[in-house]
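Listed next: structures, encoded as structure tokens.
Common to both upcoming complexes is subunit A, partnered first by subunit B, then by subunit C.
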Partner chain A sequence: MDMEKNKTSLMKVFMNYSVPLLFMVICLIGVYASKLNAVYILNEISVRLSRNLFMVLALIIPVIAGMGLNFAIVIGAMAGQIGLITVKIFDIGGFPGFLMAVLFATPFALLFGYGTGLILNKTKGKEMITSLMLGYFANGLYQLVFLTFMGTIIPVDNPEIILSGGVGLKNALDLKLIQYAVDNLFRPNIMGVKVPVVTLLLVAALCFVIKFLVKTKLGQDFRALGQDINIAEVSGIKTDRIRLIAITISTVLAAWGQVIFLQNIGTLNTYNSHEQVGMFAIAALLVGGASVTKATISEAIVGTLLFHTLFIVSPFAGKNLFGDAQIGEYFRSFIAYGVIAVSLVLHAWQKYMNARNREKLE
Partner chain B sequence: MEENYVLKLKNVSKEYFGNKVLKEVNLNVKAGEIHALVGENGAGKSTLMNILFGMPVIHNTGGYTGEIIFEGKKAEIMTPNNALALGIGMVHQEFMLLPGFTITENIKLNREITKQNAISRILGDSLKSLDIEAMRKDSQAALKKLGMNIDDWVPIAGLPVGYMQFVEIAREIDKKNIKLLVFDEPTAVLAESEAEKLLDTMRNLSANGIAILFITHRLDEVLAVADSITIMRDGEQVSEMKRKDATLAKIAQIMVGRKIERVVHEARKYENNGEIVMSIRNLSVDMPGEIVKSIDMEIRKGEILGIGGLAGQGKIGIANGIMGLYKAYGEVYIGNTRLELNNPRKAIESGLAFVSEYRRGVGLLLDTSIEMNIVISSMQIQNRFLKGLFGLKMISLKDDRKIREWAMKMIKDLDIRCTGPDQLARRLSGGNQQKVCIARALTLEPEILFVSEPTRGIDIGAKKLVLDLLVKLNKELGMTIVMTSSELGELRSISDRIAIVYDGKLEGILAPTDSDVDFGLMMAGEYRSKEVV
Partner chain C sequence: MRGFWKSITDKYGYPKVFITLFLLILCILAVVQKQNLPGLIKDSLVRVGMNGILVLAMIPSINSGTGLNFGLSLGIVCGILAGCISIEMNLFGLKAFFTAILLSIPFSAAVGYAYGLLLNRVKGDEMTIGTYMGFSIVSLMCIGWLLLPFKSPEMIWAIGGRGLRTTIALADRFAKVTDKMMSFNILGEPVPTGTLLLFGAGCVLMWIFLKTKTGVAMMAAGDNPRFAAANGINVNRQRIVGTMLSMIIGGIGIIVYAQSFGFFQLYTGPLMMPFMAISAILIGGASARKASISNVVSGTILFFSLLAISLPVINKMMPEGNLSEVVRIIVTYGVILYALTKVGRDD
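What follows is the complex of A and B.
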């Protein structure tokens, strides 16, 4: 009897961590096949963790509040880019430039987050598809503003960033002026690995903020909503307001995350940089073992680590195994979208099974 | 008369869109007493409670008239929060508990004890930290008061149902100013021993000065704990009595007693003759909230069989089970052929048709036209109202002309009030929606028509029309009709025989002319015990 129990609980642990475990195995195989040296991989990991983790963490609060995976962080990323574009126009460089970008981005993010929240409150239960579509819709508006308003309604006369016709932003903006503004503040070389300490500290700070938030009254309300919005409502929790707060926080964090991301990259692909942000951040979170209804900080960290390790090694592994780096490239796209699809299907299936079990119980 | 009343309702009336659901109800609850409120479904108990709790549904529909006097003062209860502030608590019938939260977190839901921290001083109260220790202490105290010995930091999910009920109660008594506690059918989901314990707890609470309003349909429990009893029927308070004056039979009679109008025809005696068109053997149905436990029944050709009983006892489950909408076990024979259960298509093909109690969900395609609603089942199952594309049978299209013709006929025959056959079903009134549902069932040309709650949610005038229609179908077409209804009055007005279901089992079959006492006792599950005495 006890043996049986042990067995099932071991199975349970295995089931609970099946996704990260699977990816760990794939990563190890990839690392081995890529034949890269450890220092190179560690360097890449430290860079990627510091620049991507912030965005992944931005997803956690909406999940806790029962709103699912917030595909609309794309909109937050756009706010971040607005901040960066402003900094570029005013030509403010270095760490002050970074701070100014964050400062300019925040009011836009607050506004966008609030708007997203209002719409999601009208589409309860379908938050994920709505936020995904909202992202696409916002992309259209973004293009409208930066492709046709720049140089016409918004008077900007700077040949370095405006297209040669005088209207619209260029495809790629050089952000050299604030590149590594945070990363290089303090970047000691530890056994060949250059660690962007300040950026990682920012990420760590966010982790603590989220941890703190969850333990407050507001966090308790988030969790209550995540469990059952009707009961939360009956208990007198102002559910619509709490949902607005959750999505606004997420959007603002996404804006900041995008600024951190691009200060590392150093180039803004005006019309593309934000596009894949949502998908990749969500895929990373899911790889860590999170689901549509449950996400923790450690899942975000583990997920980002595994997902990006895969990113680092897969082109090399592809080249070594198949003689073509492109195959590795395909593989990682496949992983990114595949993991989202599988996770959503699993979620739907679980929901279905739960409903069925409940029916049986009754 | 100057007794210490905690709650007095004076002449409370409520209308929903001109439909009077409460008529000048008075209710007086003394401090520290257990006051039972009994009545059939639809008697107005829940509307009364909604008023007491300031539920939005009341104030969105024009409010109520009359006075609520709480502790001697006139109270305006506009929102649930007002009610809470006054000290009125409710133990819900369905548990309002979050499964993933611990017992403490549930007890303190949205009433968490918080303490300041550096950040909340700047950014406001919602960022205060939770004082888990203080919360746990309070919860433990509340649980102790109920005699519960259980770790307060385990999640609700996985607790036995009985425990959940007690957590609900603990939450209410943890509210420090609680003066009146409403129990809404608290024992409905409990096992007998748990129910015993609950009743003990209620006695305890009332001994501590908390008044209890006990809504139930288990009359034996009323007699066991109540100090006084208010009986409601059809939105009116029909009786108030002390326990010493009450007997089971008396309550039962007052609860269901009303003048019975046999609207149409005399009850026909089918007791020993009449061909049996359907026999049901050991039918069990897993319908959540309406479980059927092994029922045997016969349906005779050409009769109107009523199925009655209180909500949640399983009467609804019978038709749903036979029609394959919920998992069913057992045997159902139509004539001599056995019906394949759990297969709605087979059920319809075998000459059964069903008008669901869940009109707006199962019954209608709300955003589809009336005519499509009428023919859709027949189209899908009997391949009628179809025509081939250029005469090709393989590709069938809907036959708009035939559909329109038939829909016009049904609209005329059933007197469906609409702007035309292409009006959306959503736009119709409840009574006309019901007629569309019946029209669809008729289109299937069934041998046996199952109708569930045909008059639920439709106004009084339309109710009569629907009932008349059923009688007409029965008389003129000889259709066998099985009508399930919570309204005993309507069952007694048109049925030939009435089967009463209690606790998922057939309690008995009565003639519509049998006495109120018998009906009352059967619905309360006390009929057999009476016979023993």
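What follows is the complex of A and C.
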């Protein structure tokens, strides 16, 4: 009897963690096939965890509030890049430069987040496709601003960043002036692994803030919306307002996340640094076992860890297994898209079956 | 004036009115800039013929109730695969072109059937899932293009001898075969008569299909599923028929596109293609629920002439950077976004 019970609970564990377990297996195979040494992998992981996790955490609140995966964090990333471009123009380097970038980015992120929220409130039930299209659309506007307004409406005369014609930003901006501004504040070498402690502390701080936020009255409202928006509305919660707050928080966090990300990378690809941010962050979250309706901090951490391990090893594994690094690279973008597709299908299928069962009962 | 504006926007919808106005402004600018007008008209006609059938692929999916086909890249991939096989078979000219089309049909039909089964289980979320199914299959096929056992030296990489190239030139195969068919000159510029006729024939066939028993049943299933089911129509089956048809037309569409363009674009080439077709039919006045052949024709003409004319006009105003591409992005996604906010209101 007891054994039976143990067996089912073990099954349950497997079922609940099937996605991260599956990816753990893929990662282990990848690590083995890549023939990379442990120190290299650990170094890469510590760097990638510190620079990408912030962005992944930015996704959690909209999921809790029932708005699904926020593909529009791309817009937050654009706000972050606006902050960085401003810092570059004023030529403020080092840690002060980083802080100024965050400071400049925040008002834009607040504005963009609010706008995104307004549009998503008009498209309830279709938030994900809308946020995805909104991201693409905003990318067009972003390009318009930096290609045509820079040097004309916005008077910037700096040949280092402006195209030779005097109008438009260059494709790549050198961010050496704030590279590693946070990472290298305190970066001890632990057995060959250089850990960017301060960046990781920032991420940890965000984890605690989210944990705290979810327990407040606002957090309860988020969860109420996530469970059933109609019931939340009836019980007197201003649903539209709560949704606006959720998406604005997400956008601001994404902006900061992008600043953290680029202070590590050190170059801003003006017109496409932000493009795939949403996809990679969302795939990472889902790999950790999150879904369209449920996401936790630990899922974000586990997911980022696994997804980026895969990123590190797959070109090498592809080269060793198939004699072609390109295959590994295609494989990881397939994994990123595929995990999102499967997760969306499972969610929609469940929703459809629930609706059908309810119909049958009636 | 205000009443006139309102009656116009009510009748044609904001996207169509705005895009028409934008197109008019561009035309005036083209005249002012002393652009080669016959050349611009030719470019527009070429682009209309090139993309028309891809836009037509939206008709069965919208009318069968699965909405805008964001997963059209699945059909596109099938078409490209068939095109590559026709080159591998060492065919030339019209024979290669029609063999590619015939070969693409079973691929697209099979993929469409499987995709239709999936869509029947995720009703209400077809758009998001279609987008990501398209993305994942396109990226899976990236591995496929590298590993598929094609041998023809004009398709595989010269160095290494394995894997298909990112762009496959069709100049010696079937590039421009229908563009040149029955082509005649207007104001010194050739008209792609054959391709336009093909597009026209596609529209007529689709119009006839929608009048047949299957077509009517499909429209009924899309229009009001409950009512259709009460009348003995198998709604899920009609949705599958619509999806299959959409994929088949998409597969044919990309072959026609490649014929005119002169290249097949493999790997990530098909990734964003569905959005262009979607945007075009929305500009034509379609919604996510209803679309007619006239929406296809007017949307294709408006959207693709806009792209053809904006390219030289905008580049002359701003030679540096890629502003016409930016305009394309803003128009494409702006129109889709507008349509999505309308869907939200309908529900």
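The rule is simple: the second predicted complex is superposed on the first by the 347 of 362 C-alpha atoms of A that agree within 3 Å, B and C clash if a C-alpha of one lies under 4 Å from a C-alpha of the other, contacts with A are read in each partner's own complex, and residues count from 1 in each chain.
Throughout what follows, a residue touches a chain if its C-beta (ideal position, glycine included) is under 8 Å from a C-beta of that chain, and two chains touch if they have at least 3 such contacts.
All values reported here derive from a predicted model rather than from experimental measurement.
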Should A:Phe98 be classified as contacting the first partner (subunit B), the second (subunit C), both, or neither? neither
After superposition on the shared chain, which partner residues are touched by A:Gly168: those of subunit B (first), subunit C (second), both, or neither? second
So in the superposed three-chain picture, is A:Ile237 touching just subunit B, just subunit C, both, or none of them (first/second/both/neither)? first
Touching A:Lys215, do we find subunit B (first), subunit C (second), both, or neither? first
In the superposed arrangement, which partner chain does A:Trp256 touch: subunit B (first), subunit C (second), both, or neither? neither
So in the superposed three-chain picture, is A:Gln227 touching just subunit B, just subunit C, both, or none of them (first/second/both/neither)? first
Report for A:Leu147: first if it touches subunit B alone, second if subunit C alone, otherwise both or neither. second
Per residue count on subunit A, the busier partner among subunit B and subunit C is C
Shared subunit A footprint, subunit B vs subunit C, residue numbers none
Considering only the defined contacts, which subunit B positions touch subunit A in the complex? 80-81, 84, 96-101, 105, 109-110, 112, 114, 119-120, 125-130, 286, 288-289, 291, 327
Going by the contact rule set out above, which residues of subunit C touch subunit A in the complex? 70, 118, 121-125, 127-129, 131-133, 135-136, 138-140, 142-143, 146-147, 162-163, 275, 318-323, 326, 329-330, 332-334, 336-337, 340-341, 343-345, 347
Show which residues of subunit A lie in contact with subunit C when the two form their complex. 119, 122-126, 128-130, 132-134, 136-137, 139-141, 143-144, 147-148, 163-165, 167-168, 322, 324, 326-327, 330-331, 333-334, 336-338, 340-341, 344-345, 347-349, 351-352
In the complex, subunit A touches subunit B at residues 212-213, 215-218, 220-221, 223-224, 227-228, 231-232, 234-237, 358-360, 362
